[in-house]
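One chain, subunit A, appears in both complexes that follow, with subunit B as partner in the first and subunit C in the second.
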Partner chain A sequence: MATDIPRSDTEKRNAQDPRQPMDPLAPEQPTGQITDSEVPEQIIAVRRNPWKVALKELYASKAALISAGFILLLIMLALFADVIAPHDPQAMSLIDRMLPPAWNAEGDMRYLLGTDGQGRDILSRIIHASQMTLMVGLASVVLGGIVGVTLGLLAGYFGGWLDAILMRFTDLQLAFPSLLLGLLVMAIIGTGVLELVCVIALAQWAFYARVVRSEAIKTRELEFVQGAIALGASNTRILLQHILPNCVASMLIIASFSLAMAIYYEAALSFFGLGIPPAIPTWGNMLAGARDIMLANFWAPVFPGIAITLTVLAFNLLGDWARDFFDVRV
Partner chain B sequence: MNDSLATPLADTQASTDAEPLLEVRNLQKSFAIGNRFNRKYVKAIQDVSFSMKPGEVLGLVGESGSGKTTVGRCIVRLIEPTGGDVYFQGRNLAAASKKELRSLRKPLQIIFQDPFGALNPRMKVGNIIAEGMKIHNIARGEQARERAMELLTKVGLSRNHIDRYPHEFSGGQRQRIGIARVLAVDAKFIIADEPVSALDVSIQAQVINLLQDLKEEFDLSMLCISHDLGVVEHISDRVAVMYLGRLMEIGSKSDVYDNPRHPYTQSLLEAMPVPDPDRPRRDEGILQGDIPSPINPPSGCVFRTRCPLASKECAEVVPPMEEVSPGHLKACIKQ
Partner chain C sequence: MYYLLNRIAQGLVVIFFALTLGFLLVFVIGDPVLMRVGEDASQEMIDRYRQMMGLDRPIIVQYVDFMTRAVQGDFGLSYRSQQDVLSLLLERLSRSAELAIPAIILALVVSIPVGVLSAIKRNTWIDYVARVLALIGQAAPQFWVAIMAIVIFAVALGWMPSSGRVTDQGFWTYVAHMAMPTFVLALTPMAYLTRMMRSTVLEVINEDYVRTARAKGLAEHRIIYYHAVRNALVPYVTLTALQVGNVIAGSMVVESVFSWPGLGRLFMNSIRQLDIPVVAGGLALVAVIYVVLNLLADLSYTLLDPRVRNK
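Now for the complex of A and B:
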């Protein structure tokens, strides 16, 4: 193992070359039968499963690995909340109001992270809240992504006045504080899950549009796109077959950061009472509910706060990793 | 000088009778740069005219920045020319509508320089080759796949390469895939834009030989754009020399290489490396300085700033292409 320590990234990558015998699933060797040449060319790279490469790279980065593990855990919690959560998140118990966490002298073993002002189990609420958090996050990222990617592709590929107009809109969007815009829109159209998703998507589409536009401009000039134009490919074909697939890397990176931002926005808007209705447990709602009692009962706001922080951090770290990972490959 | 006129006369005379496959007339392209208050134009190509017969290979040589690539791309209108006409099989591509262009340029395809940029990294080789067949309804599904495999063997790759991605291939192999891609639409005329300059020397020869074999087999004509005089000499029937957006000299390979009549061609050939270590170094005749800016090209003859023969008259008029011998033209008022 001693030889493993001083390695640059590229050397690591070479070490993971699937041709090495260390890989048990090594693909078949290329059978390059070059008929008309005296000196056969070497195949410089062989078939490798991109998912396997990604997993190995992920394993090499501890921060990303832990983040991915945390996100996986969160997804499991959300999926199996009913089974995992020790209590009904809505069940109130006036006798057990404002109990501190279990390790505290006054704590109760039944309520690991204590209870809130209405005597509801904080741990169970955090677990159940992860459902709504992830759902809102994913939905808004997908919605914002679809809008942003479409506009970015059109602006970047066609250029000209379309580009100018669309980009002025994104400038406008990016210049305006999106949390403030969210508050404003929620105040007008009302609150609710769907409204929240739309507002968060509104705060995000511009990032996608910006990045995808620049990718589209870059890709449009590449020779394979020029070649496709010469072949007679239609604009739709070029956009969907050639440009969009080559933007996937940057889209994934933004999606990861956007998801972190979406969770943060959901929490913030819910905290202000403009997000999810207070009856549904979300981390932001829990924070908002704990506002009045937080001086005496630190645990009520701190645990949902930690959940928000860790989740946002995990998605950001994963986004950082994704950026590094795709950069070296592109 | 006159004694060499006799030989090229015979073959160029015969060839001028054939109907031209491609005729480029006064092709112009200038790119606007700067903002609307300070607009400048880069004159990338000016008044380029030449014609090509079916089955012919024309080599287009010149330094970087001479506009060779722009000529190639203007012919297929990947870059819109600002002036001039391009007749291909009698139809004017420069005047065709976008819709007509799609079918008109099907037989007229490009092979690119950069084997890494020329293939979509997210598409499998089979789909890359079959794309043109799908677009032009030549073949679909299994049929297209079968044809793609056949083309792979034609370009010296193997049938089972079809499900691989471009990054699994070396530069030379990618160039072969690029060639298969244009053969898939029954290209008759191939613009090879620096087809081998990004490849290792040993592989250059393989790809050039492949192009020559395919030219015979598929009855192709080719415009081979290159800065490499050796490559052009190997592959071409005729050679055109460009400098700063203008044609300097055009003629059969033997005309241009053995009897260059333009001082620019002469100095280019002088600068060609000769693989003989005992040959004395010759420094005179090698061009000094850089190619001038195409934003503000020299008046009259664009080459006069670096020409050993330049005099006052050279700055006054743009020298017309004049015939030295049938089929051999030069744009120089000297000599």
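Now for the complex of A and C:
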């Protein structure tokens, strides 16, 4: 220390009494409270609202911030689709079929991004399709997450034959491209929204199960869990109160990547006619329709594809950021 | 040796499960008779087919029968073309390989140098461009990229043929037809592997032995090639093997859009028409490919990493 003027309260206290312990959290004052000014910087950071810390970190990363903004925008579009969309997404107009975007010489100002083979407004359909995309994505990630996390927790905590069987199943899942299995199952059970959600969840549970299992194995050996076991806490209590909270970071990271994957699968399965029934507007269905008329209007496939790409990109980038933020390898 | 046997056993388990899955699909979830004779066939006709296909036997007997035949490569005849499933699959596999092998080579040839360059020129414009392109390449769905490629290069510009596999009009016509599907197929693994190469090189470059190499004054290209890249290749090889799943899924998409008569398109059509023997055989074939390639990746560790070799 170059100067002997104490800078902080902690230093002042240490300067006054060198025998005082350095540990700021040690109960050296029997009656006094520890005020924030006595606690070093790092510890204050931990005490702060974790949401605020996350928001601050998010703000520091441009890519993640833009991604979060894009996803918020998408949620808004989905929620207020009826108000925002300029046209009814199902309204056909045979005179206005296959129009290019408005900035094109042959375009029409009423249809900003042009029209499809039945003369429906592409922009309005993209906006309305975001509802189905987000709904299917969220539902399948939640379903796959619940199944995967439950199995992963049980396998990691109890081990034994349950663990062995589960790991072979995840092996098997990894051996097959999930697109192949998804198409196959959809072809057998038939297309529909609920069916699609189940199929995508089926493609995802293994990721959660693997990661949560390894977290559970790690956490099980930690002192506080061993302590809880020694105190006679029930297995349910240990799993839910002690192990599950330690898996939340990895779960969030996987959820973000899973959402990207779910949106991709929904689009792909719908594109090949084995996802959402073609009557419902989704980006995949729009691309399938655009494929039939691409010789007449090559603009038709452009915008739904951009919508898929940007959404998948945004969730991927958010997942990357979450991985850096939580500093967890998944 | 023990390790190798263990891995082979694990692979066999995966293949066994795949066959069982194929059986379940054929005989439990889907009803092969109804799929063949149609929903409004008479009960008599259904019964006759059931007997003809051996479906009136107990399920265990059918399972054992299916498995013993499957192990010998006999998956029966395709419902649609009445061809032997195995020879049909192998024929289509070779056509898929015409796209898949050049695509994987292209992905490797691009991703290794770009990934390394992106890592050693970290935070320069080269790195940014490579990262952004890789991110987009990973996010853009292949079926969309395929359509856009057709729209731009075949429809609007007219430079490329839009689809099909043409073999009887000379070598260059053939190459022109396979160029776009190969490139689109290569895109996703290329993007993924570039990101992987970049991050592994970045990890390796901070290791002590790279610092030592710098400290003793080695030329930069020697440091990069002998010390950084060779070590980064070890995890990269496994990841390349794991990309096989991506390439198979990609083949289904790309071959369907470009009408390339390969395994992927056969799969897609068989799934749609519920041509179950082909699907069951195909599942087994995919499992075998996956297991063999993963085994090869494990073995390649010994070539790349002397620590594994000497164990």
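To be clear about the criterion, the second predicted complex is superposed on the first by the 279 of 330 C-alpha atoms of A that agree within 3 Å, B and C clash if a C-alpha of one lies under 4 Å from a C-alpha of the other, contacts with A are read in each partner's own complex, and residues count from 1 in each chain.
Following the convention adopted for this analysis, a residue touches a chain if its C-beta (ideal position, glycine included) is under 8 Å from a C-beta of that chain, and two chains touch if they have at least 3 such contacts.
These numbers come from a predicted model, not from an experiment.
Judged by the touch definition given at the top, the superposed model places A:Asn246 against subunit B, while subunit C stays out of reach. When the two complexes are overlaid on their common chain A, residue A:Ile146 makes contact with neither subunit B nor subunit C.
In the superposed pair of complexes, A:Ile165 makes contact with neither subunit B nor subunit C.
By the touch criterion defined above, A:Leu287 lies against subunit C but remains apart from subunit B after alignment on the C-alpha atoms of chain A. Across the complex, subunit A meets subunit B through its residues 30-39, 41-47, 222-224, 226-234, 237, 241-242, 245-246, 248. Note for the complex: subunit B touches subunit A at residues 73, 76, 78, 102-103, 105-106, 108-110, 112-114, 117-123, 131-132, 135-136, 153, 156-158, 160-161, 164-165, 167-170, 172-173, 178, 181, 185, 202-203, 206, 209-210, 213.
Subunit A contributes residues 168, 171-172, 174-180, 183-184, 187-189, 260, 264, 267-268, 271-274, 287, 290-291, 294-295, 298, 301-302, 304-305, 308-310, 312-313, 316-317 to its touches with subunit C in the complex. By the touch criterion given at the top, residues 10, 13-14, 17-18, 21, 25, 29-30, 135-136, 138-141, 143-145, 147-148, 150-152, 155-156, 242, 245-246, 248-249, 252-253, 256-257, 267-268, 271-272, 274, 279, 283, 286-287, 290-291 of subunit C touch subunit A in their complex.
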